[in-house]
Amino acid sequence: MYSFASDNMSEVHPQIMDALLRCNSGPAAAYGADDWTARLNAVYSELFERETFVFPTPTGTAANGLAIAACAPPHGAVFCHALSHIVTAECGAPEFYSGGARLVLLPSEASKVETGALTAELGNYGPDHIHQLKPAVVSITQATERGRVYTLSEIAALGEIARSHAMRLHMDGARFTNALVHLGATPAEMTWKSGVDILSFGTTKNGTMMSEAVIVFDKATAADIRYRHKRAGLLQSKMRYFSAQLIAYLEGDLWRKSALQANLNAQRLAKALSAAEGVSLADPVEANEVFVHLPPPVKAALAAHDIHFRKWADTKDTLFRIVASYADDPKQIAQVERAIMALDVTQVGGIETNRNC
Amino acid sequence: MYSFASDNMSEVHPQIMDALLRCNSGPAAAYGADDWTARLNAVYSELFERETFVFPTPTGTAANGLAIAACAPPHGAVFCHALSHIVTAECGAPEFYSGGARLVLLPSEASKVETGALTAELGNYGPDHIHQLKPAVVSITQATERGRVYTLSEIAALGEIARSHAMRLHMDGARFTNALVHLGATPAEMTWKSGVDILSFGTTKNGTMMSEAVIVFDKATAADIRYRHKRAGLLQSKMRYFSAQLIAYLEGDLWRKSALQANLNAQRLAKALSAAEGVSLADPVEANEVFVHLPPPVKAALAAHDIHFRKWADTKDTLFRIVASYADDPKQIAQVERAIMALDVTQVGGIETNRNC
Amino acid sequence: MYSFASDNMSEVHPQIMDALLRCNSGPAAAYGADDWTARLNAVYSELFERETFVFPTPTGTAANGLAIAACAPPHGAVFCHALSHIVTAECGAPEFYSGGARLVLLPSEASKVETGALTAELGNYGPDHIHQLKPAVVSITQATERGRVYTLSEIAALGEIARSHAMRLHMDGARFTNALVHLGATPAEMTWKSGVDILSFGTTKNGTMMSEAVIVFDKATAADIRYRHKRAGLLQSKMRYFSAQLIAYLEGDLWRKSALQANLNAQRLAKALSAAEGVSLADPVEANEVFVHLPPPVKAALAAHDIHFRKWADTKDTLFRIVASYADDPKQIAQVERAIMALDVTQVGGIETNRNC
Amino acid sequence: MYSFASDNMSEVHPQIMDALLRCNSGPAAAYGADDWTARLNAVYSELFERETFVFPTPTGTAANGLAIAACAPPHGAVFCHALSHIVTAECGAPEFYSGGARLVLLPSEASKVETGALTAELGNYGPDHIHQLKPAVVSITQATERGRVYTLSEIAALGEIARSHAMRLHMDGARFTNALVHLGATPAEMTWKSGVDILSFGTTKNGTMMSEAVIVFDKATAADIRYRHKRAGLLQSKMRYFSAQLIAYLEGDLWRKSALQANLNAQRLAKALSAAEGVSLADPVEANEVFVHLPPPVKAALAAHDIHFRKWADTKDTLFRIVASYADDPKQIAQVERAIMALDVTQVGGIETNRNC
């Protein structure tokens, strides 16, 4: 079976597993007073080229909730795209963590928050209109839920609007590294240098076991979020096993290599599919996801080859999402490419639907 | 160095580590649709001798918050002991998870919730007195924060009061197994058969990496808590690594063996200390913790032997907490015993204070 | 000046003021233990033809927040129209009161929640999809934010969908009576007989000083909401002054007479405007609001006659809202009619914009 | 019948009623855009001798919840006396408004927060101890729940501790004026000049219908609390009727005269009772409340004279609370004095118990 349902189905990368084994020798201080966690801020400060505060979380949902709560009062409005993971797949985590901030869904042609739509919506808000919530956060997903990557200037433009309205810019970086290597940018460039105030830094989809993190660039927010982090039950007693993953993830450029591999796999799949009869890509393939319209006979034929992926939920019947992973076996990718090129579209099979990713 | 500061400093048990390695082979369905999680409810239903629903969480703080929120409305009162971990060491997680329920601290001679104090306090509440919150939960810690173990009849008596006031009985079982083996009871006897409605089941202190769980015994609560679990960011994408730990924890009776070992270590340390000049146990040693009054020269002498543990925060200078672990090296325990027996009380050293455990 | 900006600008009806004066004689028991409040449930039970529980609130925003919180868990989804007052003009009260429930905005051609849109959206939710919130409430406004009135069968159809998804149907009745007299229905028919589970009963816009109420039709919700009502600071110490208004409001059919007058005034204004050159009604006039497209010269001419009302915020320049009140002086209505008929469209004036009503 | 159960049983003062009638003439702008509200901040700025922002609320519970939420994050600790109204009689309003801040009850000999107890408790908190909540607010009640009045230097001492720990000092001034006239201080002296950051200003017990207010002394808090005020449903549509009361309350020194009268009545009752056989005052009488130990025959005899008041709930049988009001008829006070002096202690009668005041 070839499954491209989601990158979070992948096993843990062997280097991460090794890191866990290495830190499993004898006792270590609890609640982050261990040697691994002691290095965490320094390692990430170097990575981001400025003082950086790292708050490990077990899931991206927790990271997003925590990050938004640190920036939005309960009466805050969080402007985001209707397709955002925080909207469609986190069961209201931002509302829970913030105590009732509201997600305001912006209209958009594609999967990115657009400056025009944001500015237009902001016209309904302001200090003289307290019947509406207080603008607090702009939240974007990098790469987006449709596999697109915001350019540095697109991020900077949103950061500028956020700043001019006393809002913060949050980046949900569940696939941060896939976007980063696509842009060829530095972590600093793709975040605070472009106006990002707070980042949900994802690593689980790209090879760790369960280590996401909220990355904070200012001391005041860090001082506040420490309490929220503990209060939500996200401060691990055996924190070393989280910190060790976050450190090992960067060692030897593991993170970039993995993301490059995943993106390459997506490109190969996209290229093969594009050449098939009646198939068309729905979005440019920039990270590790392929969104593709497949005629029923094509999808049936792929299923017949035991090639699986998901229907994209919010759309009409022919749109599918294929997610490539760093862990895909290159031989299997080649087999899939061959299968696509030799598609026999006469057999029908079932295809799962799910949009939680 | 011999550290008895906390059992959550211990490394992960090798059998747990093996389980993690074993489930790290190839992709698996995400968000709990994997094979390990599929077995979880069945395995724990067998353990508890009735239909049981398991919600893995990364920390005990998250488990307690989640469990209490599932039982208390935002306007609910949660009756508990003033020493409770939920009071002293979770930064308000129950308030956060529940949306503002209140912890009502009951007076007590020792570390257990007493029926008399509970009944007396309940006199201030009721449907005709809505100026107070609504009684919702009684929460007890098994073993208690002072290492005591509620007997089955003590639990049952609290369960009876809870039921008669339409409240739920929550058990914070951070050291569930240490208490269980002390009582020689079954999991069913120590929980639902004694009136416990919901359980925070701890495994991390007793050998896993980060797997706690809320154990639910009724379908309606399980149907509700699923949403709360996801919403708080506690539903792991790579859930298999949590479920595999919770399953391996029970295999070959690992959990009981580990708890028996920890309790035995505590007994040995307590016995050795009791024999020392001027030393007195503050509480009976029933689980894996020793609370002991140490004259300054004694504590200094122990520090001189590089034997470390914590001052107990809320009390006068001479009270200390010693926590034994399954992972303590028996040779080291023997060395510590010998050191205690040959105490030289002439040298002074620093001792850490911390009550978060 | 003739102001039709909002019906909540009206003074208190003399009969209501008399009621306040009458109950201002000597001491009375506090917190609702007074004689007026003692009659409240009975009076409204008779009105609604079944056991009814009344929770007075000082504002409609508080009533809506309270009612929704009583029906939606924090992880609940509240389906409503994008124009709803709870969406556009209450600063997130439903989120605050419920602890983070989410308002899900349904697409609609007009200002009513449509069964088709509701059913379609519900397809994204369900017990097997906990990545989304739990469907909890359908909330409708009667009369709607565009002055339309749901028919009994429209309400019943929504009630049926709500019930079949284990949701509750909430009615924001800020202009309850204006809708009621339009339909010629009984309060029972327009609420619980059509599937409404909980009602925000408005009286302030129709003549009281500040008495809204949550009307509850079942004992379990009433038992819960009592705590929420007190906890939010809505239980008045001198409750008699609220209850007396709610009772006087019904006496001698004051409420119906006032609503009929307001609706009639709206009809007269609508009719006069419809006849004017270039003017067109945007919505049928069913309650006491007129939504009308006015060419700039017309609106300027009206302003020149000192006739004021508001631009309707979310729409293009020519749409205006005119709200009639029970308190409008019939002579003034006649003057305005004459002014409209004799419109001189040569002079320009400013017009306020505001959608909080 | 002579009832001294609570000052909130009193009718509305005729001057307040007149003010309501005076502002009931024709339409006025809604949501605080009216002429009365326009003057509110100016009137109170003059009263408090600095820029002051006034947020009317319908109850003291709402005022306290709002004030605390404006000063405490959800993870904040609010230090207060165990007898505080916010603890015993508001059904968790501070937790609700703040999203889960915790009330930390300080031990005390009497009804005042003591600097020693506060400082001792603060030793358990701090930036290096995030397992506990973040110190955020000290809340005191002036006059206290036992009728005592904090001196200016007592307030200042607490204000100093608050400031040195980056906390805010909140005053619950449900009986603000009764305390003020006892001290002979200015409003400025009793609040911001003594370190009070935010005030719940009570007027209802002292003669209005339902007008309390949060008084804010700094712009940043005012900018934040506006949203919270609206969001909680406390921004009245017909705000003029609240603002008019708050203005009339000060006119002609009505507020002081009423408080002086109430305090004087309490003094007279206290004096008469003190002289009775076996009766002893439990607390010095400083405001308008008398706490008194009454032997059963005495209380029975008073009941026989139809003189009613409440048993004080948290204490043993003989403690009673007598609350005097500005509205007590002086002739009745004289009759009660005579009745006390001529006590016939042979007849028994029922006495209500209630501590919500």
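To keep things simple, chains are lettered A, B, C and D as they appear, and every chain counts its residues starting from 1.
Convention: contacts are C-beta pairs under 8 Å (C-beta built on N, C-alpha and C of every residue); 3 or more make two chains touch, one makes a residue touch a chain.
Please read all numbers here as calculations on a predicted model, not as lab measurements.
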Centroid comparison with chain C (C-alpha atoms), farthest chain: B
Which of B-C and A-C has more C-beta contact pairs: A-C
Distance between chain centroids, defined by C-alpha means - chain A, chain B (Å): 34
Cα-centroid distance, chain A relative to chain C, in whole angstrom: 42
Chain B and chain C: spacing of chain centres that average the CA atoms, whole Å: 51
Per-residue multi-chain contacts in chain A, two or more chains: 31, 74-75, 90-92, 96, 99-100, 130-131, 133, 227, 230-231, 235, 356
Touching residues (chain side chain D, partner chain B) in the complex: 74-75, 88-92, 95-96, 98-103, 105, 124, 130-133, 313-314, 355-356
For the chain B and chain C complex, residues of the former touching the latter: 31, 73-75, 99-100, 127, 130-131, 133-134, 223-224, 226-228, 230-231, 235
Interface residues, chain A side, partner chain B - complex: 3, 5-6, 8-12, 17, 20-21, 24-31, 57-66, 90-93, 96, 99, 204-205, 209-210, 227, 230-238, 241-242, 325, 327, 356
